[in-house]
Amino acid sequence: MEKYLYIALFAPLVSSLFSLLFTATPKKLFTGIVASLLIITSLISSSILLTHILETGEPIHVTMMTWMQTGGLYIPFGFLVDQVSVTMMMVVTLVSSVVHVYAIGYMDHDKGFNRFFAWLSAFVFSMMILVMSDNYAGLFIGWEGVGLCSWGLIGFWFHKESATWAANEAFIMNRIADLGMLIGLFLIYWNTGTLQYDGAFAAFHQLPTATLTWIGIFLFIGAMGKSAQFPLHTWLADAMEGPTPVSALIHAATMVTAGVYLVIRSHELYSLIPHVGLFIASLGTFVALFAASMALVNRDMKRVIAYSTLSQLGYMFAAAGLGAYWVALFHLMAHAGFKALLFLGAGNVMHAMKDELDPFKMGGLKKVMKWTWIMMVIGSLALAGVIPFAGFFSKDTILEAAYSGNHMVIYGVLLFTAGLTAFYSFRLVALIFHGEERYKLFGVHPHEAYRFMLVAMSPLLLVAIVVGILQTPFFDMVEEVLNGHEYHIEHTLALIMLVGTQLFVGLAILYAYVKYANSKIKVPDGTSKIENSFAYKLLINQYYIPYAYEEYIVKPYRELSEFFWQKIDVKVVDATVDGIASIIYNTGEKTRDMQSGNLSTMLRWMVVGLIILLSLAVIFGFTVKYSGV
Amino acid sequence: MFEAVAFYLFAFLTITMFIITVTTSQALYALTALAAGMIFISAFFFILGADFLGAIQIIVYTGAVMALYAFGMMFFDTTRSVKEKQGNKFIITGLSTLAAVLVVLIVGAPMVSNNIVALYPTIDGMGNVQNVGLILFTKYLVPFELAAVMLLVAMVAGIVLAGKKMDRSITLTNDAELEIEKNKKVLS
Amino acid sequence: MEIGLNHYLVLSTILFAIGLVGVMRRKNLLLLFFATEILLNAVNIAFAAISHYYGDMTGQMFAFFIIAVAASEVAVGLGLLIVWYKRHGSIDLDVLTTMKG
Amino acid sequence: MLDHILSILIFFPALAAVFGFMIQKESMRTYGVAVALIEFVLSLVLWYAFDNNVSGMQFVENIPLIPAFGINYSLGIDGISLFIIILSAFFTFLGIVSLTDTPKVKYMIITLLFLQMTMAGVFAALDAIVFYTFWELSLVPMLYIIGAWGGPLRIYASIKFFLYTFAGSLVMLVGMLFMAYFYHQAAGVWSFSILDWYRLVLPENFQLWLFVAFFIGFAIKVPMFPFHTWLPYAHGQAPTIGSVILAAILLKMGTYAFVRFSLPLFPDAAAYFMIPIAILAVIMIIYTSMVAYAQKDIKQVVAYSSIAHMGVIILGTFALNVEGVSGSIFLMLGHGVVAGGLFMLVGVIYDRRHTKLMSEFGGLAHVMPRYATIFGIMMMASVGLPLTINFVGEFLSLLGFYQQSHILTLLAGTGIIVGAIYMLAAYKKAFFGEVTNEANKNLPDINKKELFGIIPLVIVAIWLGVYPKPVLGPINNSVTSIIKLMHAKATTELAKERIPDLTKPRVFLMKKTINKEVN
């Protein structure tokens, strides 16, 4: 089995290095094909590992080699495949295989084709390290690695100012969170003496709650950055500057869920500190609502989906924070499927619309892009949580978990958010695929995507449809590791809740259709009443948070830097040094006059010197005399 | 009483002479005043019982040194008055006084505290010259010999230095000749 | 009115001061030499006086050597002075500035 | 030969440099490369012959120079100095190989070879006077390199560099003389041998003064805030090769000396001054990172980033535990490789455009993709991405210091954020966007000779990031023995508490929690 583990891990690396060889050369189709094949190899190996885990239930644990060893610190490259990580591996390899194949079509005309695959495969490799590592340090390698690849991929079209800006923003925001995670690692090491999961988890039980709380908080800060939780969320929406397959893979399915994975992985820690868990859940709930509200009005197709990702991540954190780790993982899995599907569908639309992102400028695309339409609708249904699609099972369980944990506020907010989710998803679908064919005004001739791209998307479609049925087997698989339990609410109540939720969601969908699928929709020009309302402005400007960051953090930082350099470094520190030097130099210049060569002057100075020496002698004599020696 | 009268008299004379020496603008006056001052100083030596030293003072200073100066002055143009353009006189006087006071302080301090012990005490019943001789030729024999050699060297040096081109006088050559000579030197 | 050591020391101080004044204000090298002679003699008086009042011959010995040194100095100094004068035609200190830094 | 390998390492380049005067101008480069290669191979032989299991000094040589004062020509290396010596030979080699069309290349090579002698000497010396001699001698070739081949302000920069560091080392010399005097007082004989000094336990107040004296000398060399201002000038004016050697090796002398002198000689003082120095280090990290962000000249960005990294090294050194000190030594190597590489890369673009202003560039990734890739790798190494050489060092340094202070480590950790900010901003300005400047449209990509200089650095940067063990192992051994020595010598309670006792079984559980420190 170790063989498959290594294949699953290193196939993406090989793929990346292979593509790297051709980065500086023009497009070569075979790099895409080879890369995809290698990723699929990784997927197959992961599947073999999954079957192994399902059959035996035995986790596979290997230690490849030592990484760092000094003092009491020992960090190996160790890999662990258990029920949790194999789930993540499946998610990662499946989505990335799909995205790789899809990208062959999507990046068809791009001159950075080879480079794209190098980055994309490198990302998969980092993600595999992240999920497979058996210690926190290894997780951190993957953690930073995915950050790097995300930087490279968001800024893939580096000629665009906005893209590079977004790339840097994402990297730096992630670094802020990484610092938190690093501190968490330090705390774990100095308190438990190891960074291995098993050793650390065992030691956690003996630690005081205060220490555990700090560890929990710092690790969660790390998770907040990667999973774009408030207040570090702004980078995710801006990250949509990257190519759409990247958005699907990194900013929907895998990387952003790494934070959730971290919390699930550290469940032994978080179950010891439920108050931190509650904070996580509350923050998650808040983000779910907060992000959904921003998605309501946004006029950028990809950003809407990004906000919905943010919102769904909030759901996952809500679940994980409440101790329902397996539910969080399940929602992660389901979400990866349908969200990647939505993104890739959006990618098709973008391709058809020549990179147009405003859904108001589309409309009626159903006729030309039937398959994409179907996929988007199914993806949206799954996202909205309509029975019997994937989202229904996972989201409903989260609601149940909140309800049975007696967290009524969380429950209520999450329920309300579910409605919002349904609304904005179908607002998007309605605007893009139904109503007037507004795109004709802009002279675009949309066409359906390549056939193989659609085929490539089909596994995701499958996931979005059927994954819900797998809930019970999935629970059986992970319950051993995650100490989960199923949530049983009284039958009639459960039924009422189910019907109520479905009705609510259904109404929201209906409302979205009624409002946006009719022929009266025009391209907004900023004059309508709603566009001038306060709420709309607040939401379209993302609560003015990016503006505030720019104004109150970035600008002051830049000015302070300038100040430090121009004023402090040059005018104070360096000037002091030069001042000392010039004092000495000027003393020399001045005393040069003494050496006029005129004997008379020199004699006078001699007398002065004589007096000084004599005075010193006298003073010294007195000190000797009166100091009692 | 006699001692006091003599001290004050000679003190007054010495100081006057030396003040003339350092203030006069005529070189010849200065020379004369200096010679007189030297002789008056020897009076102090006699009062203090250092007869030998007094004799030496007269012989060496007034006899030899002053004669040297007098001969030396023949080479210079001593007839013009010496030009004296000095800066602040207070500084000069002040500095001098301060230095002098400090010297006294340093020299005087051990005596005030009375922790001085005679290294080579005078032997009673012996004349001053005998005392001097006794110590000079025992304890200070080497310095004495060195002083002798030094004097010899100084003599030779003085002759050699001053004796170059004794045959020509600069005061008597005119400027044009001097100019030519200077150019020659530069060329060579 | 007994004449004590202090009287001699004060006298010596006054003479020394006069000598220093001379050293500092004289521009003519020859007259500068005179001033140094005054300095030496001022010290000589002090030595002789101390020697007398403490009954120690060392002071006289020093005065003796000082005289010797003074004599040599005059001999060599005058020789140099003459050479200098021959070369530059002046023994004014203001002209002697070849050592300007 | 192995008995005298250190002497050979030190004096072979010097001898070769002397012979270099007789070599013809045309064949000088070949000669220089050959000599540097032999030197590098010798240093590798040294590594091969080095016994990893011994924590003490190896290849010791001892020849009395002035026996009356106990001054000996005494050499030896341990796990700490071994790799820095190898690094210096490595950089001399790469530097000569990648030397671009410098005027008077003959004299440049001779100077570099002399410089290599002094560098090897500093790191191999076991006698304070020998150490001091090489320490000061190393200034001369560098002064010459900056002053003769530098930019327009070269005279100012070189004089500043020389006088500043020289003034510091004079204070250090006074400290050394006092140290020898105290040794004389205690042992009755004079000795300048560092190993002898190790055995001397000084009273705390003496330690404090001596520590300060040594500290000033080392801190200027490092350079620590606020003694750092000579560095930007030196880097700004120095030719590429000068910057490379300066950043890669010469700065390490200061931090190396901290480990070699300050820690084992004055454990109480080190513990006493730990927090103030750490505060300085934190200021260094954050402040210089911000200053780096404000720079307009890409070389200055790298120069200031060097200072920030040196701050992390200082922090690791004064963690006073094995993790931190090992990490700081590893980071010395890491920073040497990475900063040296970055300076070389800046040199590549400077050779093409004769400017280093970022506003002159933009969109270079279009015209020079290979160059952009390599620069990107080195930049990411500099930012401290895992699996690159800098991460290992930074991680261990911060990890080590975390034991001593939570809050200071947290503040120092912001260095990884601000570090990313200035590096990415600089990279964005120079490489991303459209090519706007006409002059950049047809720049040739990085060529073979430049690649030959830079690729080994990239390989080392990644190799030691993935597999640091062969280097970290020997370092760990030597550091462990130093920490043991420090704990044994510590006299004050504070020092006993701050320097871990390695003889006892380790107890993990931190003594103070964050809550305590916050309160």
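Each chain gets a letter, A, B, C and D, in the order it is written, and its residues are counted from 1.
We adopt the following convention: contacts are C-beta pairs under 8 Å (C-beta built on N, C-alpha and C of every residue); 3 or more make two chains touch, one makes a residue touch a chain.
The shown structure was predicted, so the numbers you read here are calculated from the model rather than taken from an experiment.
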_Pair exhibiting more inter-chain C-beta contacts, B-C or A-D_ = B-C
*asked:* With centres defined as the mean C-alpha position, give me the chain C-chain D separation in Å.
replied: 63
*asked:* Between chain B and chain C, what distance separates the C-alpha centroids? Give it in angstrom.
replied: 5
*asked:* For chain A versus chain D, what separation do you get between their C-alpha means, in angstrom?
replied: 36
*Any idea how many Å lie between the Cα centroids of chain A and chain C?*
93
*Send over the residues of chain A in touch with two or more other chains.*
604, 607
*What are the residue numbers in chain B that touch two or more other chains?*
92, 95-96, 99, 103
_Per-residue multi-chain contacts in chain C, two or more chains_ = 20, 24-27
*Pairwise chain contacts under the document criterion*: A-B, A-C, A-D, B-C
*Okay, in this complex, where on chain A does chain C touch?*
592, 594-600, 603-604, 607
*Complex contact set, residues of chain C against chain A*: 20, 23-27, 29, 32, 93-94, 96-101
*What does chain C use to touch chain B in their complex?*
1-3, 5-22, 24-28, 30-31, 33-35, 37-38, 41, 44-46, 48-52, 54-58, 60-61, 63-65, 67-76, 78-83, 85-86, 89, 91-92
*Hey, which residues of chain A end up touching chain D in the complex?*
23-24, 65-73, 137, 140-141, 144-145, 148, 151, 155, 158-159, 161, 164-165, 168, 171-172, 175-176, 178-179, 182-183, 185-187, 189-193, 203, 207-208, 210-211, 214, 557-558, 560-562, 564-566, 568-569, 573-574, 576-577, 581
*Which residues, counting only chain B, touch chain A once they are in their complex?*
91-92, 95-96, 98-99, 102-103, 105-106, 109
